[in-house]
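The following blocks contain the structures, represented as structure tokens.
Two complexes come next, and they have one chain in common, subunit A, joined by subunit B in the first and subunit C in the second.
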Partner chain A sequence: MKALKLMAAALAFVGATAQAATNQEIINHVSYNVILATYNDLASQAANLNAAVNTLAANPTEANLAKAQDAWRATRIPWESSEAFLFGPVDSLGIDPLLDTWPLNILDLDSVLKSNRAITTDFVRALGTNLQGFHTIEYLLFGDGKSANTKPASALTAKQFEYLKATTALLAENTAYLANSWSKNYDPENPSAPGYVQVISAPGFDNPFYSSDRAVMEEFVQGMMGILDEVANGKMSDPMGADINSANMALVESPFSWNSLNDFTNNIRSVYSIYTGHYRSTKGPGVKALVERVDAALAARVEGEILNCMQLIQAIRPAGGGDFGQAIFTHDGRARAQKAIDALNALHATMENEVLPTLDM
Partner chain B sequence: MKAWILLSAFNIFVGGVAHAAPFVDMDYVHAVKSGGDTTIMIKGESIRAFRNPATNLTEEEIARHLTGDALFERNFSDDASRFDHGLGPVFNNTSCNACHSKDGRGALPVILPGQEWVQLRQNESIFLRISIEDGIQRPKTAQNRWGAPVAVPGFSDQLFHLGSMGVRKDLPGAGQAQVWMKYDKSTFTYPDGSVVQLRKPVFKITAAYDEYFDSVTGETKSRLYEKDVKTSPRMGTPMIGLGLLEAIKESDILALAARDLSAEGVKGSVNWVFDIEKAMANDPYPVSMGRFGLKNNTPSVLHQSLGALRGDIGVTNYAFPMESIFGTALFESFVQDPTVPAPLEASDQVANDLVFYSQTLAVPSRRNVTEAEVIRGAQIFHQVSCTSCHQPSFVTGPHKIAAFSNQKIYPYTDMLLHDMGDGLADGRQDFDANGRQWKTRPLWGMGHTHTINPRAGFLHDGRARTVEEAILWHGGEGEYSKNKFVNLPKADRSALIQFIRSL
Partner chain C sequence: MKRLLLAIFALSSIANAQEPTSSSTTTAPTTEIQAPVSAPTTTSIEEEDEDDESREAAVSTSTTNGNVEKAYPKFEFTSYGYIVFGQRETFKTVQNLTPITRREMDLAEIAFEGEYILSDSSKIEFEIEIEHGGVGTVVEFDPFEEFGEFEQEIEKGGEVVLPELYYKKTWKKTNTALKVGKFPLFIALGSVQTKPHMYASILASDLEARMIPLNWTETGVQVEQKFSDFTARLGVVSGLNSEFFRTYNWIGGGYQRHFETTNADDLATLASIEWGSVAKGKGFALSYYAGNTTGNRYKVDKLKEDAEVTLWTLMGGYKFGGFGFSGEVIEGTLENSNLVSAANATLGGLAKPKAFAPLGHKARLESLQIYYDFASIRLTPFLKWEHVNTFEEVEGNINKNPRYDVTRNSGGLMWFFDQGAFLKAQYATEVTELDGLPETYQANIAFGFDIDSFK
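What follows is the complex of A and B.
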């Protein structure tokens, strides 16, 4: 059966050779136009956020607070849209925990804010990863998220502004460092090391990271599987707990801004980008092009499943307002969340059992 | 054709070194399933190569592994009102995953161009062991904690550079002291003229919590700065196949220790170490064969994992119920009443799930085993006697997790301590391990190291950026093989490295 299907696909492929993207074209497009482009967007949004926070600190009006909050949400998009490819420097340079450790350590943050110490970037740099990055900024800009996802600008103290400025400056610094590691130099201790984009887009037996184009394709597929699993069985399942009585708000990611469902959607958007090669306005071959060579119906079905998962995640949003952290405390919200989890797990199984094997066909 | 080549290679090698080396099963040259039936089959490379459960676990065991997986990534908090409470008061990191990133090797902190010293902060995969010693080995008694390193008074046997807020009023976020690192750089020149740059991290300690200025001598003093204090760095190691290593029969390891490899200058010895499980069972002599830790200073995955949970992260548990710094001035200044015992921070379920996870990570299969260069490299591996210490295979004995019992495995370690020479010496005893000895690292999974973490470092302190650098640091009992390696033609050296990358 499989052989037959393969043969039919091979025939279809022969017919379509002229347009079909090669593995190398897919790898190039995804590496440069999806991954590198996402990191460049992240660095530029983080710089905007830093500027918006400085403006807010200088002039703490409601309008400037709203702009800083928008800038935080905008920076969150490329970061969450990068989670299908958490390989390379984001990990080896230890950048991921500096940007996105959660839960935030509110106890320690409050104790620092109560102290008389001058808060500088170097001071915050020396603190734990759970006292810096996205969620520290989120807590300071949006409040505790319990009954609302914003707070009056007047609630921000001078000490909180100091901390905000320091930690957003670090976020901008770390994201610029990450973008540079992909574009220019993946190992700052070795100035002749190229950008990681050059490494991953040129696999081969002597490439110390990826010995073949198949290996890079596998990394892409495994990366998609990794975030599908994490959203379903970590980010969503952990806070939901076994039943409504064991639901735990403390386990929700981005609980202060009520941005969780957008985070999860963007996580799956990163799967979509790797799969289709579409990122923002850019279109090009992604992993789908490879699957198409083997089984065009499967290729289209997977794309549909990805889009469906994104819709199911957005559908969790409570009609009366709130976000994931509120939905998991209602029976119908939990039912909608479970539907999304089931779809994510089904897509994970499709990736593992049907997409991954196409790499060897 | 292939069978013929293998057979002749086998004959040449076994015949050639039979006087020195005992039987090495040459089937390793072609063996694919490094972890026997537990092996996860991986064709390419990916950062998830070390993240899979052993494939022959039961469904129930896989569920338990996945529960442990989430705990391994948990960021512990020092906030007593939180579910994930337990961090600190002093620690080296906030999660298991932070040092064993994606269950692989750690990397040294980045030193940016123009910097000399860099401070160890959170998010590093390295810490320092510390102890005081006089160089005298004593019989193991309860009084000397069965031969354990002697804690530095006022400190512990591990230096905690991070602390909860409030531990150090003067330095928020700092622990017992601050730790700094820089590199000593050197070069190695092959007989054929090729040059390799080497680097070795050196550490300095500042801002110890008990530091004071001695106006008589004009020096800044701390018990930690005294000359009898020994320090030794430890880098996070891969988490794969640990249950299998635990299942290797003690008799097989003792047999390897009893070999006569004097012609190669190789000895190999066992570290007999304190065993917390025996102690909990009231065994009058709680000492067992060491298997884990870079000096084999712990006997089991349970002892190693729960010791690290309490030590590295500061989360007390049933095996290690007291905070690491219990009884020190720093602890007493931090807690309200040090005489009131605190409740355990990790539930027994959390502790046991973490141990189970640590035992059950799969070893990936080998790749590229049919490449001619890889096959040649495998044969050179034996020819230059790497196999004397990096023992290719074992058949495991019984293990309480049935999946690990009676498996033919290819870990490439003899599980023994070896004198590795001056270059790697740390000068610090650890039970029976002296300041020049290290355990033979298992080589399985090596080829995935840099995909998982492009900056990962080999050896106990992560100094070696490549397999080649790691080989060049071999001295002492490794000198014989290293010399044979460096005298090989360049093509043969790269074939050997390609073989190691196939693991």
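What follows is the complex of A and C.
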């Protein structure tokens, strides 16, 4: 109880400091210091991952495998922390499926690895999106995910190294392309088109996508609602099935690395970033500042709900080891997961029924 | 292309000059269902379509007898439709190897074909199809994306569609005909054998839809010329849009029905020579289709290179007493398939191909159906073998995907238990060349009617 009181006090303080922000200040801050910053981090981490994989391929030691695995996890953080804003170039340029299609098509990947084709970046580019991106790299770098989330470096074949190098290079290329689309040019068919950050941060009659600051705010809120729904009713509910007997490991995201719960948490962290304007060491204002102008209590309650959801997701982790893919096969793990799902759906309802209407007040 | 169009019009003009202007009576138009027709008493042009032939015969009989003057314009229509009950095996996701069984019911199609007969040598023909109950928007479930996504699909043209609307002029002296409008392409059994009584299985071809547009019709102009038992066709029609070519149906998605209008920057040429009548199951045909598809893309700067589609088809069948067979071989080439794949891979929004951008350079389909017609009880059992591989050859960085090398074997029967009503049953097994993916089955029963079967 004491902790909750302290949290409420902290939230009230943060709210008070952000209260004075105008809509334009909120939009500017979120666009540049949250969204663009996230995509720049993503491109940077993906380049590190590519370098780590190249080092591993040149010198396949256990230490280098561990570094490559860590680099994969580090790259995963900004990507999953971007899922509350899957609008703009990540959608219009079709980049999302290039990075993060799942489940991985293991059958087809094995078929490709058996072929005699030389595996290059262009070759992987021409394959389906469920044969490239994060989960292909994850499948090759980690264990089977059922009993272990790692494997010995000696288990990697020459062909798998070829594939790893090609697909991580492609991931670095695609994330750089995404960062560039936000910072410099959102439409490759129109070289004079600015970065999308300039479009979204300058709503108005002459803006082709956002005619008012309300339109941008709605984009932000709808983005948060979209990922809340996906985490609760897709990423978590679908693998759980109707009961423990119908739980399906094949539907779990990031099952090989046991990174699912971190993925989900970072998904909700992206909601927190848009809502509060906090990203890494950068502070607000976010959508919360707008809500505060209408209902300060609601603004604080929503932030509390977001933090609570992140805690409930982390609490799903089995005490004896493993991740979401293991928890859904135990009764108590399922109960904890259901509690998180209920909280996420409640937060979604709050966003839809209480936060969204404040845009018109 | 312009020269070809000019040639077609010149040919039709020459034929037109030979034809005396026919007169018609002026009584009120009538609507009637085509009844069985006795043998014509006059010489009339042989039409490629079974229904066309009967109607032309009916018209020429009535006008030359002079006893019963038929009114022009006159309206006639026919119809067919069917419902399918099925059970099939499918997979939850791309990772699952254990099939699950799914049962389905589908009000698959009801079609109305109408003809405004303008004179004894000209008519306007149209067809309205209502598919799957006839709604414009559907929610589809895609098990192969993410965790299984529900997606809203706008099925404009696929749900309530006007697949045919054309003017047809015939010149009997020279056995020439001209079609202008939207008409079926004489390129595959699925587009030629258009009514359920023409084939024993539930669809004329089960695998055509994995390679080319199903029931393919396009807008254009076509000249048809008969020589004895042969019919030659030459046409220019609207082309495909390579933006919508996808792994799971090769060039099939390029059929421009997604938008209200059809981009016509690239047209296609269609040619064929037919002996007998493929539609009736007694004839053979060699067909050719060629057309560039790059100009019809909406995103004009994503692909600059040509992407011509070329198709060769040999199709037909014959009947010896009660025993008959039919089949087809379709060979297709997509120029610069690797470049098309790369350009499509980064489309956004509803055009996003997700995992389905890679395309084969050459594709091939073969099918053979054998059947025996117990005419006295109108029962036709059949066996059918079909194979399609849309990654027969690949270009550049595209990898052959054995998942799309499919063989399908089926057997079943068609029974016309009433004059115009039928029951079809079909059991099929399907296997791909992808290691580890087990064989699946599909069992369907179709119940429907076909007014054309009264002939």
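The criterion applied here is as follows: the second predicted complex is superposed on the first by the 342 of 361 C-alpha atoms of A that agree within 3 Å, B and C clash if a C-alpha of one lies under 4 Å from a C-alpha of the other, contacts with A are read in each partner's own complex, and residues count from 1 in each chain.
Rule of thumb we're sticking to: contacts are C-beta pairs under 8 Å (C-beta built on N, C-alpha and C of every residue); 3 or more make two chains touch, one makes a residue touch a chain.
These numbers were taken from a predicted model, which means no experiment stands behind them.
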Check your understanding: Following superposition onto subunit A, is the placement of subunit B relative to subunit C best described as a clash or a fit?
Key -> clash
Point to revise | subunit B versus subunit C as contact partner of A:R293, first or second or both or neither | key: neither
Check your understanding: Which partner does A:P239 contact after superposing on A: first (subunit B), second (subunit C), both, neither?
Key -> second
**Study point:** Partner chain in contact with A:A250 - subunit B first, subunit C second, else both or neither
**Key:** both
Review point. Where does A:R269 make contact in the superposed view: on subunit B (first), on subunit C (second), on both, or on neither?
Key: neither
Check your understanding: Just subunit B (first), just subunit C (second), both, or neither: which does A:S212 touch?
Key -> first
Check your understanding: Between subunit B (first) and subunit C (second), which, if any, makes contact with A:R73: first, second, both or neither?
Key -> neither
Exercise for review: Could you look at A:R334 and tell me whether it touches subunit B, subunit C, both or neither (first, second, both, neither)?
Suggested key: neither
Exercise for review: Please name the chain, subunit B or subunit C, that touches the greater number of residues in subunit A.
Suggested key: B
Review point. Can A:R317 be said to touch subunit B (first), subunit C (second), both, or neither?
Key: neither
Exercise for review: For A:H135, decide between first (touching subunit B), second (touching subunit C), both and neither.
Suggested key: neither
**Study point:** Offending stretch of subunit C which, after superposing on A, collides with subunit B (from 25-33, 115-123 or 133-141)
**Key:** 133-141
Check your understanding: Is there a shared patch on subunit A that both subunit B and subunit C touch, and which residues make it up?
Key -> 91-94, 97-98, 101-103, 105-108, 111-112, 115, 117, 125-131, 188-189, 234, 238, 248, 250-251
Practice item. Enumerate the contact residues on subunit A facing subunit B in the complex. Key: 86-89, 91-94, 97-98, 101-103, 105-108, 111-112, 115, 117, 125-131, 186-189, 191, 196, 199, 205, 208-212, 214-219, 222-223, 225-226, 233-234, 238, 248, 250-251, 359-360
Check your understanding: Contact residues on subunit C for subunit A in the complex?
Key -> 92-97, 144-148, 247, 299-302, 338, 341-342, 345-349, 352-358, 396-403, 434-437
Revision key, fill the gap. Within their complex, subunit A touches subunit C through residues 91-95, 97-98, 101-108, 110-112, 114-115, 117, 120, 122-123, 125-131, 188-189, 234-235, 238-239, 248, 250-251, 253
Review point. Inside the complex, what are the residues of subunit B that reach subunit A?
Key: 43-48, 66, 70, 75, 77-79, 81-84, 94, 98, 101-102, 107, 110-113, 119, 121-124, 162, 164-166, 172-174, 367-368, 371, 450-456, 466, 501
